[in-house]
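One structure is given below, encoded as structure tokens.
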């Protein structure tokens, strides 16, 4: 019982220690990340962003739909 | 063969007996249930019902969306 | 090594042979199919097609929805 | 050259057995019925395709290592039929039945078809070369339940070898309900009976619809636990819908989940349409008995309605008795249609929905009895 | 006659044990709470139904051959909680947290509840008849993480026998957050503190939101690999969403996939509510310790916010500390509501979302420590 | 203290091997390419993330007990690639190909890339330290099929150890098609050839589109049963769509089901990017051979079109030959784009869709030959 409690206490200190260590480091990581991004990769003000929402050159199986839809549309409009 | 048929007939009597017993009891259960509900839990006439369609205090992981959408909306509207 | 290469070459000839054989036969099959269909199962010109898009007499579990929706609608409209 | 011979020896042309060819033609026939005739396409299209795939020589698509072999575990373990039943439960509105509970008895009467077919199967043991065990006879009888998932669930437990034929028979006859039922309905009723108008159904409250699936499950637990896998899945789906508090789950159960399972279930059922299992005299027996079961179930439902009419103070149109076989919602539509022929202002659809969903419960109960008494 | 006796001996009425009856009542109670009280219905409705189904005598729905037996593999192998975490990740917006990163510390402080419950469980070993191993104590403690998938994941690894009780406690207390938290929050803060208005949050760019889940995962890899199954699933879901290049996958992860898994997970958790496992003094201990954990977690979060207020140049309303327990998004809403009572123009919701999602990370980290140190 | 040491010994920092670090960087690179460059993000994002997760020390996410270990069974048993193929089949419109069937030959010619890479792999056995068996060479060759699911299916059967590298190569080169193909296309054609306008495509009836998948499957059954798992899944998906009678199944196959499987497939492929398997000279060989395969396939398609032009009475623009490699629909778009450079009124997109989908059939047939002849 006493041994169990001491294991529990050790676990508690280790656990809360790691939790605080981890989240504190995360705070620093975020601050660093945000700083770097705001300096080197700023969002363009009015217009859109540097990372394309619509990928420019995807050729995935699943973009079949889009392409085929477009193509079929064009094809049908000529019939 | 004869034995098989007699098993089959037994099964048929037992089966149809249970089916009728079960559904007859269900008729009584429904009548009782509907009677009790109409007496003690009547639907409020014009307005809505006693059981909330939209749960009042759910905190589920999956209502993330709703809350976050709302929050983000408010947050964005200030930027 | 030499044996492996010769296996590879055999495989290549067999493979490209089958690929061309298969697709050539498919060309003929398509031409035959299209010819037969255009002759014996022509699409009706202006109106729709010979194969019903909406099945006429399905009784599937999953058409529950449609039927019940319709039924409920009718039922509610009388209440 | 060796390669060419080896290739030739691996073609379908070289390896076909006559049985495989025949079963593929059965598969193509099912596709034709599904696509061109609109027979239960949601099930018969995947079943037909599965039949073709599983009879391809060499490829082994239904053997260990193949797609259909693994998908079939979903039936073997009983998962697919129960998940479909859950989705069907979420789609079902018990309102009309709750508004007129005595129509439940019509759903009971129509189950006579199940036991008639069961006895018929046993009687066929007279025919030399035909041998049906009690388990097999029960699995065949359940075709008369006119409910796909129930039939597949029972067949997977009692007679997995007959699963393919039973499922095909069940879905085919469900699709044929508009042809099978009307002559029987007309033969057993008078013009006056078919003209009977029924009282308008009362409004059923949301609370009643929430309590009902729980009451149904409770009764099943008390009386017939062996029916609770089926009844429980159905009641769970229904409660997700009527409770109104888990709409996103209910929607998924009714749509994407049931669709995915339907694709897998159909293909897996098709994988049981192998030549060895299907090309037997038994199959002819199964197909005939299935037709008998539907016909007798229909007749029993109609006769029960006529009987009830004698004792009931509110009139019952006996046509709605035919809807007791289930085959939801087709047989309810048939009742409506035949009724309109006699009385163009008499809409029976909602009245027939009561016995219709009662028939689903009735066949689940009958399934429970069979699973419980036959070891 | 024999059949009738055999049927009677197969009824639920004949076979019930008192424990099964009691557990079914627990199941019905959960359904009542889910449907009528709106307590976490997405989980408690399937859990309650699963509890009923798994306690049906004879039917064996949670035993080999039954539906729930097979569904439970999804928990046993750890798949379901991780897939839910992935979907939750895809739904989560880290924007408010990134705009004010120091609120992460509130999410750290609130994890004290986990370890308080762990120590409490060990202390309860004094009570004769109660015995909690270290593993069990840890699994109980994680209730204080106020995060369903994390609790189920940890319990399935450390104490599968307690899984049912732990999951029920976790989701119940999450539903009760609006009752448990406000008195504690009011007791620990002054009216002036509750009136504190916080600075408007800065705009967070898309790039930051894309990098963050990767940074989070990297930190977890470096420091605490045992947390990476949870953190990784969460980060993957989040990245699918924020990257904007796989919208169709992100939508499916947030909707159909999480819905399907939620149904299966709930039913499987319910299958662990068997009489033998649940009807023990331990369960009372678990329920009490869960409440303690939520209360202490809430208090720690609030106190941490008060402490930070002393050292911070920008003001922090201590009410948002309570959101550090997670229970997303309920505890953030509670913080907002209690704040509005004191200052009707003070909307804390967005400010509370920071500690709220930080609490999810915090409890995943705590889970990683427990899984790593307890063998 | 002991705990602290034990914690330190359980960190990633303590346990990293250099290979794991390197493979994580590969994972991050794939994420970068997917998100920032838009390279096949639907596959490369999950693959990249899976690579990171499976190389985390201690966590064992790709080992027994971990998420990716279990997901990988979907590839091992061949389920995932076939389900994706089914969804792709449901998305594919064979109309343009049916309107101009001789373009099928372009889809045949482009498969030369597969066998060129196969021979190349065998030739690389000269290089000391590089050893490719016939099975491995075939699995590498299939990269030239430019079709993800086919490549993964074949690799999982013939060379599971190379699966990660092969899948990454296949999807990367598919994303790079707009860079790889145009110079080859320009080099092999004259300005006059690139200006060729093609006849307008005739209208294709619904009946033809329904019969075609069945005709394709039948031919495959007769000639090459070993290709029927792939061809059958594709034809089944296509028939669900064109038949028009199972729309809800077709929609689910094209959306939720393919999305769920894509997530799982991507993560599982990533789990094969372990340091031991990937960090080998072989991988460099695979990457080089993949590029060779794409280039030769493109060239063969173009040359075949030029050859056909000599004998055909209707003109064929040789640019559409390049679309025969598949990489649907990117290579058809590339053909269109290069064509527009020479003749701004010449829209080749629909004409290129014919060889494009023919290329999918062609590589499935080639896969069947390889699976059938290599034991």
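First chain written, first letter: the chains are A, B, C, D, E and F, and each begins at residue 1.
The criterion applied here is as follows: a contact is a pair of C-beta atoms (placed from the backbone, for glycine too) under 8 Å apart; a residue touches a chain by one contact, two chains touch by 3 or more.
No experiment lies behind these values; they were computed from the predicted model shown.
Between subunit C and subunit E, the least number of touching-chain steps is 2. Using mean Cα coordinates as chain centres, the one most removed from subunit E is C.
Farthest from subunit F in terms of Cα centroid separation is B. Between the CA-based centres of subunit A and subunit C the separation comes to 40 Å, rounded to the whole angstrom. Separation between the centroids of subunit A and subunit F, computed from CA atoms only, is 27 Å.
With each centre defined as the average position of its C-alpha atoms, the distance from subunit B to subunit F rounds to 48 Å. Under the contact definition stated at the top, the residues of subunit A that touch 2 or more other chains are 11, 14, 18, 51-52, 55, 58, 62. Along subunit D, residues 3, 7, 35, 38, 41-42, 210, 223-224, 243, 245, 248, 256, 262, 369, 373 each make contact with two or more other chains. Across the whole structure, chains are in contact as follows: A-E, A-F, B-D, B-E, C-D, C-F, D-E, D-F, E-F.
Across the complex, subunit D meets subunit E through its residues 77-79, 82, 210, 214, 217, 221-226, 228-229, 232-233, 236, 239-240, 243, 245-246, 248-249, 251-253, 256-257, 369, 372-373.
Within the complex formed with subunit C, the residues of subunit F that make contact are 98, 101-102, 104-105, 107-108, 111-112, 114-115, 118-119, 122-123, 125-126, 134, 137-138, 204-208, 210-212, 215-216, 219-220, 223-224, 243-245, 248, 358, 361-362, 365-366, 368-370, 373-374. If you check the complex, the residues on subunit C that touch subunit F are 1, 4-5, 7-9, 11-12, 14-16, 18-27, 29-31, 33-34, 37-38, 41-43, 49-53, 55, 58, 62.
Here subunit D touches subunit C in the complex through residues 2-4, 7, 35-43, 84, 87-88, 91-93, 95-96, 147-149, 174-175, 177-178, 200-201, 203, 254, 258, 262, 327-333, 347, 349-350, 353, going by the rule given at the top. Taken together, the subunit F residues at the contact with subunit E in this complex read 3, 6-7, 10-13, 15, 24, 28, 31, 34-35, 38, 41-42, 45-46, 49, 52-53, 56-59, 61, 65-67, 70, 255-256, 259-260, 262-263, 267.
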